[in-house]
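We just call them A, B, C and D in the order they show up, numbering each chain from 1.
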Amino acid sequence: MKVGLVGLGKMGLNLGQNLMDHNHNVVAFDLNTAAVADMKSKGAEGAATLKELVSKMESPRIVWIMVPHSVVDSVIDELSPLLSKGDIVIEAGNSHYKESIARYNKLKEIGVSFLDVGTSGGMEGARNGACYMIGGDQEAWNIVEPIFKDTAVENGYLYAGKAGSGHFLKMVHNGVEYGMMAAIGEGFEVLEKSDFDYDYEKVARVWNNGSVIRSWLMELTEQAFSKDANLDGIKGVMQSSGEGKWTVETALDLQTATPVIALSLLMRYRSLENDSFTGKVVAALRNEFGGHAVVKN
Amino acid sequence: MKVGLVGLGKMGLNLGQNLMDHNHNVVAFDLNTAAVADMKSKGAEGAATLKELVSKMESPRIVWIMVPHSVVDSVIDELSPLLSKGDIVIEAGNSHYKESIARYNKLKEIGVSFLDVGTSGGMEGARNGACYMIGGDQEAWNIVEPIFKDTAVENGYLYAGKAGSGHFLKMVHNGVEYGMMAAIGEGFEVLEKSDFDYDYEKVARVWNNGSVIRSWLMELTEQAFSKDANLDGIKGVMQSSGEGKWTVETALDLQTATPVIALSLLMRYRSLENDSFTGKVVAALRNEFGGHAVVKN
Amino acid sequence: MKVGLVGLGKMGLNLGQNLMDHNHNVVAFDLNTAAVADMKSKGAEGAATLKELVSKMESPRIVWIMVPHSVVDSVIDELSPLLSKGDIVIEAGNSHYKESIARYNKLKEIGVSFLDVGTSGGMEGARNGACYMIGGDQEAWNIVEPIFKDTAVENGYLYAGKAGSGHFLKMVHNGVEYGMMAAIGEGFEVLEKSDFDYDYEKVARVWNNGSVIRSWLMELTEQAFSKDANLDGIKGVMQSSGEGKWTVETALDLQTATPVIALSLLMRYRSLENDSFTGKVVAALRNEFGGHAVVKN
Amino acid sequence: MKVGLVGLGKMGLNLGQNLMDHNHNVVAFDLNTAAVADMKSKGAEGAATLKELVSKMESPRIVWIMVPHSVVDSVIDELSPLLSKGDIVIEAGNSHYKESIARYNKLKEIGVSFLDVGTSGGMEGARNGACYMIGGDQEAWNIVEPIFKDTAVENGYLYAGKAGSGHFLKMVHNGVEYGMMAAIGEGFEVLEKSDFDYDYEKVARVWNNGSVIRSWLMELTEQAFSKDANLDGIKGVMQSSGEGKWTVETALDLQTATPVIALSLLMRYRSLENDSFTGKVVAALRNEFGGHAVVKN
């Protein structure tokens, strides 16, 4: 099939190659002309503008948007007037599912289908086999399924239903990921605080071979410890990029008790600080009622 | 009544005066002879040894032990052979209720009654009106009730039932205290992180006057902020002295879901560290699968 | 002062009387004409419409809105065109602080001041002395302070700063309340699961007299147990009316670790269900890997 | 090697066959004579008593104990006097690491080595390749390593160090498992409460193919949903068999903040109840201060 690929960052470049590996034609656009040239050198058609990209395709066009979260709306705004009824827009970044539903509705008004796609597996996945969670209209899905089937790992894609269901599923996936990572981290912290003298890389390895908790995350844990045996080189600052927070917010909206996911997020926030105001208040209170000594600043 | 008071630390000295204020006779003993002299100057009889203390009383003797947790057993061991059937031992420190049950059983074998007493209210309470939670035999309780009634604030004592029930109740009291303090601390932390510019002392004051969360702890919060408006002088290191941990351990034994008390304790532990190994593992994992930057040490 | 009171529900009626007790003049309006008549019988002027209410006052008018959350905006929309530059609108319901900021900005455009007021203390407080947390412009505040001073308990009001700060403070107050209530509840659950046989009313009473956790909530606990010794008559379904959720959402936005408040909210959600899907998944997994028996539905 | 196998339950029988598959000789004992006969029919020697089992082996004997947790001590007590200096006892059940340290010390006094072995992988693992975490003396370990190497999956065993480190590691493994399972469960509960209409088996499948959270537990999740699409047939009652609790208790002893593991355990306890006393108290309090309706029992 012919795919208009908008966005040639690391994910987009890898996906473009993945598509071409499977004999799909790619028309590639990015503001970064070097990236476009790179894709052309690998066999894609290039486009200098969104207009040119659209002009190089025939209806029903398939446009795959793989741009940073912050510019998705401006790309869609610029793209919409260029598209024709029946065209299909795929948005495969890390968008909030409510944004995806809004985009779906907006494009529906002009007869353009919109598919929201949560993508997991990182750059390596984009290149050699990703994991996709897809929402949107079934008819549009039926048309584009081959390009997902070809660029995913085996069984690595799911059409999950109506608009928003793809990004919702990806969001929850990340929420589960937060919880799993925290569980692994806490386990190693208990080992680290114990009287025993564990080799963490070896621990991760044995847990990856035959144990109940074997997992890709544990493999990555093994890999991380193989590079820095006690993680002495890094600080335990846990950044987050939004989807864990969205999961918790959604859980609150749905009145769902998700203590493990919520705590994994809150402990990330705690890790951003050297000290906490909560701690100061509690320490001050202990001093007030019990005369317990405080640690001076 | 005549009370043998063993242990003349700050709590014991205050309690001794409180007892004498209410016309009870005190025979005071401590290894610290200056403290004994102090009590004597205030009207107590002094004793240079436990033996002398016992000899200055007549059966049924009432011996009130107010010593650090770590020496309770040795005091009881030295005291037991000196006592007679029908004597009553009161232990009013911060003991684990299971220890109290064991002590009760041990003394029961020689016909001595044992009352386990959880004491709240700090030194000020010991001096002018404490809060007591008491376990042990009803008959012994009936004998000693007057000295509790006299030294407690009004309605500030409860005979709670069989051996251990006093210290159990005090333990749970402290668990609730942990949770309340954490709730207060978290609230102020949200204020502190907000865009608004609150005067925390005034906030605590308004919350103490007519609001749902008015409480002694909030009064202490007001007091703490009156001394150091933003608690700049202290670190948020939250020590703990055991009873919160006992509460959580007991909750686990009883298969009771106590997330708030448990988290208030775990966050205290978190506050003891500048960094966490959990954080390192999670940060390393984010780097492994997503190429997210880590903060270097 | 003369106050236009919009909304004569239970809170409004009590507040109106409280104002008149302190020699303020009240012009009262509600769609419910019986409530208006009631207020008139107590000495207020009545108004059949917002227009009439406004017409019975002179600039700078003070209009106090005490209506259900869901109709605040429509009241303000109807009221705004009737007001003059320099008038002051007080909104004292349970609004989200972001709504209050939006209302402040909207009214500012027409020169009307807006004060957001969080009110604590319930109907009893509205009648005899409430607790107020107030945000908005200082100049407007200076004008209306007397009516807050008169209707609050002593020290029971705080002008907290710029627009939104009043409702923000009330929101956090409720977050702290959630945490405190959960801590108390958990404590009693540990007592209830223990081998001891506590009289919960007496426990609450002793904790209210001299202990560290004495508080109005503990007094209410005592009161609740005095009516139903083991709370046999009620289910442990914990509803929530929004401000706890807002606190947690705000904490997430501010990247603040508030595990105790968050868990107190999540456990409320858990209490709304007889069973949990999380539980089903975990039970199924235990069965899959360990052959552990499941409980059949 | 020749291994004396004590305990022919499901785990023991599978392990025995696994050992014999790899050309080790097994002397099998169990009180259940049918199980002994079964092992004999598969090529093992049988023993009617521990004494006979010991007598059929030569020093240094290797005795592998695979019995229920509750009888480990009585087996060791009966076995000890029969053993000789230099013999090795392997205990591969789910023991607390402190018990293992005590057993190690006790057997050390008579010159017998003790290895504590945490075993993961279930019956299937015992039969075809388990995952072992081993603690105890290095010299003893060097002797028995071949039988672990042969009966484990590749890389599926780790000698972790001094006595207790094997069971400690297994305990923490289970703690991590609790957290991971809860994270997965919570994720599916968010899906279940959403407006979307997910096929959970397909969700688990896509998450197992290329996503960050692919794991054996997610494979089991897929399997569970393949049998009962919405888990309608089972209740969400989450039993626990102790190691999660031990992990949390140990974390408390080590002052380690493990909120995710702790909450996964507490939510299991919550699932054992239809209602909670915490909930009753909170509901009663809401009624007391705000007049909020309670749900009657």
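We take it that a residue touches a chain if its C-beta (ideal position, glycine included) is under 8 Å from a C-beta of that chain, and two chains touch if they have at least 3 such contacts.
In UniProt terms the chains read A, B, C, D = Decarboxylating 6-phosphogluconate dehydrogenase.
Just so it is clear, the structure is predicted and the values come from calculations on it, not from any experiment.
K.L.:
Enumerate, in label order, the chains that touch chain B and chain D alike.
P.N.:
Output, common partners of chain B and chain D: A, C.
K.L.:
With a Cα-based fit, what is the angle in degrees between chain A and its identical partner chain B, given to the nearest 5?
P.N.:
180
K.L.:
Tell me which chain's centre, taken as the mean of its C-alpha atoms, is farthest from chain D.
P.N.:
So the chain farthest away from chain D turns out to be C.
K.L.:
A-D versus C-D: which interface comes out with more C-beta contact pairs?
P.N.:
Output for the comparison: A-D.
K.L.:
If you average the CA atoms of chain C and of chain D, how far apart do the two points sit, in angstrom?
P.N.:
Distance between chain centres: 49 Å.
K.L.:
Averaged over CA atoms, how far is the centre of chain A from the centre of chain C? Could you give it in whole Å?
P.N.:
Going by mean C-alpha positions, chain A sits 39 Å from chain C.
K.L.:
Just how far, in Å, is the C-alpha centre of chain D from the one of chain A?
P.N.:
34
K.L.:
Of all the residues in chain A, which ones touch at least 2 other chains?
P.N.:
In chain A, residues 122, 182, 184, 186, 189, 193, 212, 216-217, 251, 255-259, 263, 266-267, 270, 276, 278, 289 touch at least two other chains, as defined above.
K.L.:
State the interface residues of chain C toward chain A in the complex, per the touch definition above.
P.N.:
Contact set of chain C toward chain A: 212, 245, 248-249, 251-252, 255-259, 262-263, 265-267, 269-270, 272-273, 276, 278, 289.
K.L.:
Which of the residues in chain B come into contact with chain A in the complex?
P.N.:
Chain B reaches chain A through residues 122-123, 181-182, 184-186, 188-189, 192-193, 216-217, 220-221, 223-225, 228, 231-239, 241, 259, 263, 267-268, 270-271, 274-297.
K.L.:
In their complex, what parts of chain C are in touch with chain B?
P.N.:
Listed in rising order, the residues of chain C that touch chain B are 120-122, 125, 129-133, 135, 152-158, 160-162, 164-165, 168-169, 172-180, 182-184, 186-187, 189-191, 193-194, 196-198, 202-203, 205-218, 247, 250-251, 254-261, 263-264, 266-267.
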